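So, here's a batch of structures to check.
Paired with chain B in one complex and with chain C in the other, chain A is shared by the two complexes that follow.
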Partner chain A sequence: MRRRILFVVSHAPRRGALAAELLDELLIAAAFEQKVSVLFVGDGTYQLVSGDDAGTARGYRALPTYDVHDVFVERAALKPRGLTPERLVIAARPLTRPAISRLIAAQDVVVPD
Partner chain B sequence: MNISIAVHGDAANSESPALALRFARAAVAKGHRIHRVFFYHAGVALANASIVQPQGEDDVAAQWAAFADEHHVELAVCIAAALRRGVLSQEDAERYDRAASNLKPPFRIVGLGQWVDAAVESDRVVTFTT
Partner chain C sequence: MAALHIIASAPDVGAALQNCLRVAAPDDAIVLIGNGVYCAASASFERIVKRSGGIRWYALEADVVRRGIGAELGPVVAVDDAAFVDLVTARQPIVSWS
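Our next item is the complex of A and B:
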């Protein structure tokens, strides 16, 4: 059975192995052919900023290779952090908070970082 | 209901394993089944047999072990996260030429695929973060 699994990234990068371990979990779920999506909220949006070559941004850039195309970002998180969708390493669909609620409600499993 | 639990924090730095255990006990008391408990991130420290809890403080790892034995619940520990934090089975200690193993039974070392399997096989997956 394919499950809808949403990974919610809310922490900034550079917290030791935590960011890389969440990405590992996500990629394994995708490799096991689950319906994987990922949402970046709050400081988690920093994980998508390009130029952070030692961080997880490079790994997230490879998501389409793993057939993960549902990438979302909290719209309200971008501006206060000086970010725009163009500065992110991957095309992420900005969502309002009500849209985020609907996204979470539609999942079988939600995995926080 | 068939429930799996993910524990992301260790006992020294978070309430994650203690809260997860309270949840597991409550779920079993209500007639639900715990399919698998998956220890990930810092949560793998629960399986570290070398940790000594001061007298008078709750030994959450021992409580988890007792709960697992009583209710036949699988305590699964991610191998990659465990190696990174020095939690080694006998087999891993030999493979990586380390002086000793310290995996606490009945915790078992598994791959991340077992977490996906738990997500597929369970009605609910509940995560206790750090």
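Our next item is the complex of A and C:
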């Protein structure tokens, strides 16, 4: 059965193994041909910013390779953090709060980090 | 369908409740379990509930009693295990925040 699985990234990177584990889960789900999407909210948006060493941003760059194209970011999270969609390592569609709620309601499974 | 959000960690650990409230819809429900029931004891809780619109709030009674914070529950409905299971079966998706 092909299920709709949404991964929600809400924490800043560099929390030890936790950030990498969510990315692993996501890529495994995608490899098993589930309908995977990912949403970055709050400080989680920082996970899409590339620093000078290998953070999770590098891993998320591989999403299109795994056929994960539904990448979303909380619109309201960007400006207060000095971010624009252009600064993120992959194309992420900015969503308003109501759009985020609709996205969640449409899922079979939601996995926060 | 409307989602059920489960909060299982105390307010200072990982900001579970704040992160949940970023994405919760007005017709969703939030249930506090385990150390998550301490959210109801925090000074800012009343304001958080007031600003959460139509969201319904629940707390697992056994966890509340165990931690001695029953008096702080306010608008939160205490549920036993059977009612918690009813909530889980009535709502979709189930989102567990940590």
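The rule we apply is simple: the second predicted complex is superposed on the first by the 111 of 113 C-alpha atoms of A that agree within 3 Å, B and C clash if a C-alpha of one lies under 4 Å from a C-alpha of the other, contacts with A are read in each partner's own complex, and residues count from 1 in each chain.
Rule of thumb we're sticking to: contacts are C-beta pairs under 8 Å (C-beta built on N, C-alpha and C of every residue); 3 or more make two chains touch, one makes a residue touch a chain.
Note that the structure is a prediction, hence the values are computed from the model and not measured.
K.L.:
Figure out whether A:Ile100 sits in contact with chain B (first) or chain C (second), or with both, or with neither.
P.N.:
After superposing on A, A:Ile100 lies in contact with chain C but is clear of chain B.
K.L.:
A:Ala12 in the overlay: touching chain B, chain C, both, or neither? Say first, second, both or neither.
P.N.:
neither
K.L.:
Check the residue A:Met1 against both partner chains and state whether it touches chain B (first), chain C (second), both, or neither.
P.N.:
first
K.L.:
First (chain B), second (chain C), both or neither: which does A:Val41 touch?
P.N.:
After superposition on chain A, A:Val41 lies in contact with chain C alone.
K.L.:
Report for A:Phe32: first if it touches chain B alone, second if chain C alone, otherwise both or neither.
P.N.:
So A:Phe32 only meets chain B here.
K.L.:
One more residue to check, A:Glu21. First (chain B), second (chain C), both or neither?
P.N.:
First partner only, chain B.
K.L.:
Could you look at A:Leu83 and tell me whether it touches chain B, chain C, both or neither (first, second, both, neither)?
P.N.:
Neither partner.
K.L.:
In the overlay, answer first, second, both or neither for which of chain B and chain C A:Glu74 touches.
P.N.:
The answer is second: A:Glu74 touches chain C but not chain B.
K.L.:
Which of the two partners, first being chain B and second being chain C, lies in contact with A:Val49: first, second, both, or neither?
P.N.:
Neither partner.
K.L.:
Same chain A residues contacting chain B and chain C, which ones?
P.N.:
108-110, 112.
K.L.:
In the complex of these two chains, what residues of chain C are touching chain A?
P.N.:
Answer in residue numbers: 1-3, 14-15, 18-20, 22-26, 28, 92-98.
K.L.:
Spell out the residues on chain B that touch chain A in their complex, using ranges where they run on.
P.N.:
Touch residues, chain B against chain A: 6, 40-41, 80-81, 84, 112-113, 115-117, 119-120, 125, 127, 129.
K.L.:
Which residues of chain A touch chain B once you look at their complex with the stated criterion?
P.N.:
Those in contact with chain B are residues 1, 3, 5, 17-18, 21, 24-25, 28-29, 32, 34, 108-113.
K.L.:
Name, in rising order, each residue of chain A that touches chain C in their complex.
P.N.:
8, 10-11, 39, 41-42, 74, 77, 97-98, 100-102, 104-105, 107-110, 112
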